[in-house]
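Next up is a structure, given as structure tokens.
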Amino acid sequence: MIISTKRGTPQEELQKIVAEFEAQGLEVTLIRGTDYNVFGLVGDTTKINEKVVAANPWVDSVTRVSAPYKKANRLFHEADTVVDVAGVKVGGREKVAVIGGPCSIECEESTVEIARAVKAAGGCMLRGGAYKPRTSPYAFQGLGTEGILDMVKAREATGLPIVSELMSEERIDEFEEYVDLVQIGARNMQNFQLLKAVGKMKKPVLLKRGLANTIEEWIMSAEYIMAGGNEKVIFCERGIRTFEKYTRNTLDLSVIPILKEKTHLPIVIDPSHATGNWRYVEAMSLAAVAAGADGLIIEVHADPEHAWSDGAQSLKPQKFAEVIAKCREVARVVGRDL
Amino acid sequence: MIISTKRGTPQEELQKIVAEFEAQGLEVTLIRGTDYNVFGLVGDTTKINEKVVAANPWVDSVTRVSAPYKKANRLFHEADTVVDVAGVKVGGREKVAVIGGPCSIECEESTVEIARAVKAAGGCMLRGGAYKPRTSPYAFQGLGTEGILDMVKAREATGLPIVSELMSEERIDEFEEYVDLVQIGARNMQNFQLLKAVGKMKKPVLLKRGLANTIEEWIMSAEYIMAGGNEKVIFCERGIRTFEKYTRNTLDLSVIPILKEKTHLPIVIDPSHATGNWRYVEAMSLAAVAAGADGLIIEVHADPEHAWSDGAQSLKPQKFAEVIAKCREVARVVGRDL
Amino acid sequence: MIISTKRGTPQEELQKIVAEFEAQGLEVTLIRGTDYNVFGLVGDTTKINEKVVAANPWVDSVTRVSAPYKKANRLFHEADTVVDVAGVKVGGREKVAVIGGPCSIECEESTVEIARAVKAAGGCMLRGGAYKPRTSPYAFQGLGTEGILDMVKAREATGLPIVSELMSEERIDEFEEYVDLVQIGARNMQNFQLLKAVGKMKKPVLLKRGLANTIEEWIMSAEYIMAGGNEKVIFCERGIRTFEKYTRNTLDLSVIPILKEKTHLPIVIDPSHATGNWRYVEAMSLAAVAAGADGLIIEVHADPEHAWSDGAQSLKPQKFAEVIAKCREVARVVGRDL
Amino acid sequence: MIISTKRGTPQEELQKIVAEFEAQGLEVTLIRGTDYNVFGLVGDTTKINEKVVAANPWVDSVTRVSAPYKKANRLFHEADTVVDVAGVKVGGREKVAVIGGPCSIECEESTVEIARAVKAAGGCMLRGGAYKPRTSPYAFQGLGTEGILDMVKAREATGLPIVSELMSEERIDEFEEYVDLVQIGARNMQNFQLLKAVGKMKKPVLLKRGLANTIEEWIMSAEYIMAGGNEKVIFCERGIRTFEKYTRNTLDLSVIPILKEKTHLPIVIDPSHATGNWRYVEAMSLAAVAAGADGLIIEVHADPEHAWSDGAQSLKPQKFAEVIAKCREVARVVGRDL
């Protein structure tokens, strides 16, 4: 950690700062500049709160040199983590995992039908929302437990593991029992209460990036889950909020090389929520696989025009199969299968 | 709701769209343009999901004309809502309410001491965090119930109502019993599960704006709480996330005239979290009052350099008193007291 | 164009609005809603200024249905435009064009050397900055004419067409004479004076997206150049400004399918400026080609650690050759050559 | 400047880095950490290019401790700069300067009429656009020289100094002759060619903040002008681009205390362009004055509904007079006159 102090900081104030950090067991080096003095701290600085240091009126800026995450940090865990989702392996050099399914679960019949289509197209997991985070209290909020059970039927029919979003601690037992991959949605990425609870689950977690969260904050949310004891975390990029109006969100594919450099966890891309438009899903899926994504999560609906939510971004099964076929070719070029 | 269709949409597709909306009891007017056809829908469109309409491949764009909120909408509730927080009135032409206190509660003694200082300076409520949303799992997470009880002691000593952040449904009983104004933090603004739960509480709610949420989404979150039955909602702006690096967030004071135009609920400004720097708190407090804010929520700490969190943005009691005195003068100029 | 008026707008005000638009030769249809009245305008609305319409105090919102661009619009020009840059064809089903070279031109010798390396690696054009837009007035501002002439030497030595940034109308003659593809930088994307001047040039233009410009504004800047008579415009995405700190900018690859839908012009991706880090250039290059980019522009430097600017994002020639080889394979999978 | 290197950087690489900086006359201190080594550089680091340093593959991060600006830096120029605009003083403890006028100049008669209204209301300068930066090439581009001469007539009639936007070096002589305060628009904030040219002018400059530029970049643009010899720079905040849709831009009033801390130059606020809506102009004007702004620039039009541009954000003269009267009272409370 590097601390710079203002021009004209009195000698005794500099000494007080040094004394305070030394009392915490840190080694302090002082560099005297022309307009500033700079301290370098060596030792375990993870417990030092930058904001508290910055409260000192003589302090000008505080810069953290080492990353604030440990368990997720590639520096301390060189090998890729491969997460096992009911037999489907995600990460490392495993096959690129394609997850497909509807935004919202609507009924058992249509869920089983889509699951069959997803499997036939080459998908390896079924996604579906039973508890839906909706901006409006007047919008359809999901079928709840009924929806989860519809997915279970679809799993029985196809063998595909199921992925669904958990919105509340209250439902943890239900998800631990029925769901194979527990999704934490973008709006809950910093619902720390929920992250702690999920950290105690045995099921792997798909952690979506928040609407406007930095990659560092995202890794810190994974760290929350891992610090609780659950190290089976898969990142999922679904676009960030920007000023652009032609897409719902801006898909940030640079997270793929960055997360692979900074962490050892897998990364899955969601082109459907990112763009909000099925016309752009194919191009963004191909791009994600080319950039090294460990998986894709794509909305698929048999009849998007009559979907109960997000029809505009859903692919029909036929189109989904075409996208998978093209992605497979790209995957092979970059040394992966799919 | 206005729907435009693509050039070359076949006649029968246009008719299908018209038939579908008419079947939902809406009146449909078709405007034929040179490159587009446009439909206008009249009637109750709140239950129509734009994204589903947009899933039709012939549809080019969907625009909602009427606002998606009702209970929070000034159009249907002309008078200002005044929220009563244990006797302190917020909103309308009432006094500008100044809430002060530490970021985190540290112990009973310091809490009572700060509460006395807040009251002496002219503050009318005490804020304090007992459950803290922290980016790092390794950072101090708050004293929990102990912190809430410390605040209760401070209320007994000073008579100031207390404000604290609720992070989990599990703590609703505790907050209903002890806390006077229940804060929903920025990171939980779209934790819809929590919003629904708070909608059933009797205590008023201070709803912070999310890091990157639009004003419309923010009003929709208030609508969630109100739709649940709790109409005592106070908005709190605490800065939004932008590219700027000299401040922690960008304080958006334009929300004051906008919320007053679109809704009837009070609006409080948090200059401390917005700027992240106590040096800028005075200027932003004066600006907020001049723009018509119904209240301010300011971090105050007796010894910011040794605060357990966010010391950099806390005012010392003496400075807090000076800020209040200046704000009072500005308030009078704009026709309010403080 | 759709105009909605406020609840309670008097009948005579509605009539005035109708009369005003009819006087401009537009056909007006009125849709009466419960809380709003909506007008639809049919005819040539490109000259109507939304902001002026919105100045009417009875008007609530103004929505443009048809796109404000014509010459760049795919609706009126279905076939892909292929831009010829001194014999290298960009766009349509042509080869993916890879442009390589240093951020700043440093001397003739190193420029010729890099040009040879770019060509050997499979690049088809040489980029290099002679006039540099630099945040600091104290930073190196480029070699100017000398740099352009160094590039001319490199073209003579290799046959590669040259690309360089034009920052001022004063240099138009120089660029018309020597440069094959005239780059308009991100910071000048809305320097309308310069766009008009470039619209009169004969040389093709590489139009970079502004730091925080929407895709629609970007197309409108192309429209400026085309309206001036120069229809040889190539778009170049180089990342937009967001809150993220691990990359210099956020590369928005969704522009590829969007621009191909809305316009007929080619699109080139700059992964070097977007990420600001050579480690991420390969992944983003592969992603761009997979998504359908018509070209790449990549910084290459023989000795990045001693480059005069932007060394951190430059590839060494060896690495550049590897990236091209991988991109070629991806290109073939998506039906292109490279 | 602080440079951290990666874990495992070989000893000889560390020595090479030290040697390189020492050769540039800098003093280098090395701090050895557990996972990183950190160098502190002391001396004149303004010429070191961070990006070039970062190109070294062993370097992990580069942090600049001292600000990159000198002439604009409060550290080296403690007293407030007061800029004299044809007799009207802006900055320091001078009166808050209110500039009013139309977005675009339309004709001599209306310009003189508005100038009279601005003066009668208490305004001290006349603004007006003769050269207009417009997103669309088909929109009205301004009257040009004719518009400037109309403003000159208005100055003769009222004595108000005139402010207008310069878009091109070509017009520098015209502006030097006729215009009192030369505006550089948001879209040209990083048109470095224009900044250099303006740096040689004798007239003071009103430098608008770019759509998505940081405060530091904005100060660096002022530094460009000052480095050229023209130290009469006034900053003008006009809102930044964010995701919010209810305002055209997000007005960032925190720039007021920040610029006053970091620089010695005056700061003027433009609430009209920031909000894009005349209804919000009064609240934002009062806020700006309360926060310590040195001036306001407000759009005023006698007949906004028939303005040639930006009518939606213009105040009528009567409303403008009311806003000034209220701002004057706020100014007095914060120790200024108006």
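Here the chain labels run A, B, C and D in written order, and each chain numbers its own residues starting at 1.
In the analysis below, a contact is a pair of C-beta atoms (placed from the backbone, for glycine too) under 8 Å apart; a residue touches a chain by one contact, two chains touch by 3 or more.
Fair warning: this is a prediction, and the values are worked out from it, not measured in the lab.
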Statement: Joint neighbours (subunit C and subunit D) are A, B
Message: On a CA-centroid basis, which chain has its centre farthest from subunit B's?
response: C
Message: Per the definition at the top, count C-beta pairs in contact and tell me whether A-B or B-C has more.
response: A-B
Query: Once you find the CA centre of subunit A and the CA centre of subunit C, what distance in Å lies between them?
result: 31
Query: How many Å are there between the centre of subunit B and the centre of subunit C, using C-alpha atoms for each centre?
result: 39
Distance between the centres, which are taken as Cα means, of subunit B and subunit A, whole angstrom: 26
Junction residues of subunit B, two or more chains touched: 212, 241-243
Query: Which of the residues in subunit C end up touching subunit B in this complex?
result: 2, 4, 7, 29, 31-36, 38, 40, 42-44, 60-61, 63, 65-66, 75, 212, 241-243
- prompt: For the complex, which residues does subunit D have touching subunit B?
  reply: 212, 214-216, 240, 242-247, 250-254, 256-258, 261-262, 274-275, 279-280, 282-284, 286-292, 326, 329-330, 333-334
Subunit A residues touching subunit B - in the complex, by the definition given at the top: 46-47, 49, 51-52, 54-56, 68, 133-140, 167-170, 187-188, 190-193, 196, 210-213, 217, 220, 223-224, 227-228, 241, 276, 278, 304-314
